[in-house]
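What follows is a short report on a single structure.
Going by the order they are written in, the chains are A, B, C and D; count residues from 1 in each one.
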């Protein structure tokens, strides 16, 4: 295992110390339990947005805490959902008196821990609404399974709902924006290499020099299918077809296209992916009205990418364009 | 005379379980690599270490309070699916044994029943979903049956652990319908469920530490 | 070789198509010869900043074209200096009538190509000043060698000089700001893995599973020393010591600390590096007044990092904080 | 009777050099991997392909114009160090042979001299800096010597190429003082310089295509 770390057991703590040292103007970081909150939290009269999940997906979520996006993030151990006491403490720290939205990615662990946290918060009299992200079309959805994973749409939800909260919408309205974003977002990912969990010390799965894994999640879970490496044209076609047909999107639809790197993939490749995606979508008469290209929801050092499409309406566009000031996303301010 | 397990012996079970998890940390994590995210052993080990640290400060004599403290430690240190599930399991064991300084077979049956109900309420898993429920539920049922048949507490514990083991092994051919393994669909078949394995170890250590000497 | 590409020969072109499709609000991209210019170029009465170099260092330089930073970038083939005709055409396209600064990293190829370009520009009556970046302390400087390589300080120079140009300073003043930034900046890099040049198809060098290379450049050139992998604490100490002692920096100095990923290194590790750097510097009484953490000057898919320190004065701080709106760096607007 | 190389034969030299570079693309790139950035073969090949494409549109008969066109193609397609250096080399060869429809030994000596002066002016390299100058300069000197000694043009070309080969090999033990290899310091010793190698190939193909039949 080759990583810029000391003891694997200290990675999350040392990362948080780094974030605290780097961005005191944006966030403050609390330890035991671990959480990251806006430097000016709580913002009185504003609905607070709290998200969280395992570490290893940076900049998500800690890098999205700040004006116009999240009020708090709860980082768990690497790839492990954080615990209810983190979520409760974070929710309390950012509650501006008009309620807290929990943004929860659809993994059994995240769901159950956020459930317990919401119970704890409500027991203390706080208003909490939980919203679920489950946008990964690589997973078959069904009433009898854990359902789809939450992946790329999470980033877009945090930005868009963050803007809705910032402009003073109510708890119910902000939660509804989240649910609309989730309903309008679809993703699919692929890996060229596995990631290596620091505590495990070896790759989660092995891929041959000419193989790739299609339909992976963000935790080094095996994907839907392993196949021979192909030109990026074919890879994008496979992924984008799955995403577009799941909606299905039709001619004239406007989307936000999000090309995401998994942590070990450089920008040069992501732009090549975006070029293919743009050609694919314009061939179907789908317009990319906004885009986001970069490594925003990662899987440690995994090489690969994911594609997320969010069907846009005017409200989403306005909220997307609204100012945001976080370590990971920043514009307009 | 009915066999009773005193407070210290219950503590010893928790300690033995912690040691067993530590020994099997890599094994459980490897099972989780195949169909999950390669952390079940790491998570459970972190949790049981936190639980052991809590035991020290525990006022002696109250089995329920002690087991609740274990549950709280798991909830606030494990995370993932294992944290709430094993946390709930121990919290329910604790609630059912509140104020007791020793437990007998009926106490344990009541506690284990409450624990399984709690785990199912939390995780919504049914039998054959390929989860820890597949070890826990048969263990509870076997315990009830053995007690009803008049077996001694030690013997009933052994039957309960055997049923857990069978349940654990029976997860191998199953296609997962809950938890992270369910994302794999058919590819999840052919692998033993990590959570069912740690649950078997939980009941096996109970049988081992409560039935000898 | 595992990359999200089609034919290796088309990578740069397809990347540029991706950039053109993604950022029409910020830049326009010209082909044959290839260059990227501000969407509103030329800006009349403003000194124009042109940079360029081999591709494979994304987001540098194309990602730094926009308001408050570069007016144009000339991307060469992967790791190959661009050609004089690219530079000449780009310079012409952005010349606002008050002169053009060429920001040149100190590599023989870049120097010679920019020299020829400046000759061509001047022959057509344009005013051109070339400034050199040579900040890599891993390379021994001497009159009898090619001197130090230009690495991380380039990013800081492009931002700071871009702000100086934006606020209306003269050609000579902007060029002087560049030279001051170069004089105040020092860098050192390290690699955990080699990069793979698409056209070569195999890693440029091989490193064992327990080895790292200290003092690497940004083109997969072998470094100063190969050694056993160490904890990041020791790695940062080695690199930061070399940088700090080269100045030398002393107690009370203020710096901008730039922790840069080489392309294959995730943010979680960069924050751990920053934490170590912060501890190292504060132990010597050196204050980190500003910081930049991320993958901004990369070496394809190489895993590793570099550390750049820029000694700050009040002018630099003000220019650093000034608004910038590019694909790669954005704040204040 | 003095041997003259007509326009077509000069074109054939350029074509043969392009083919030789294509054949040695990987070899040159491998040399550059060891002490540079693994692209010299790729760069030169891209450049010579661009040059060949330019040859087609060339009005026949003017050696100088043709060689300048090659130089321009190299300057605007190679980049890196190789582009300006080989570009300058061909531009200088072209300037020295402007308007000529054929060249003799003296023309070639004048042209090669101008080329080497140009390369040195552009790159500031001295002998033994471990660059292409270490192949070019001995080749020029050997050519001058051979002509002074009255050797035929073909023989002079062969001596020139041999001197280039020796110069190329002599770069192996040198520590680089110019170009990318200089960053390696002492670690650059023990490797043959890629640019000196391509320069040897340039002079070798001249000897081959101009001295037979």
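One rule holds for everything that comes next: contacts are C-beta pairs under 8 Å (C-beta built on N, C-alpha and C of every residue); 3 or more make two chains touch, one makes a residue touch a chain.
Since the structure is predicted, the reported quantities are computational estimates derived from the model, not experimental observations.
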Ask   = In whole angstrom, how far does the Cα centroid of subunit A sit from the Cα centroid of subunit B?
value = 33
Euclidean distance of C-alpha centroids - subunit B vs subunit C, Å = 55
Centroid distance [mean C-alpha coordinates] between subunit C and subunit A, Å = 29
Task = Going through subunit A residue by residue, note those that touch at least 2 other chains and give them in order.
result = none
Request  = If every chain is a node and every touching pair an edge, decide which shape results: line, ring, star, complete or other.
outcome  = line
Inquiry  = Per the touch rule above, enumerate the chain pairs that touch, sorted by label.
reply    = A-B, A-C, C-D
Key: Parts of subunit C lying in touch with subunit D, wherever the complex brings them together   = 33, 54, 76-85, 107-109, 112-113, 115-116, 138-140, 144-146, 149, 197, 199-200, 204-205, 217, 219-222
Request  = Sort out for me which residues of subunit A touch subunit C in the complex.
outcome  = 2-7, 11, 14-19, 21-22, 55-56, 58-59, 63, 192-193, 209, 212, 229, 231-233, 235, 263-276, 278, 288, 291, 293, 295, 298, 300-301, 303-305, 325, 330-333
Ask   = Any idea which subunit B residues touch subunit A in the complex?
value = 29, 33, 35-39, 42-43, 46, 75-85, 87, 122-123, 177-180, 182-185, 187
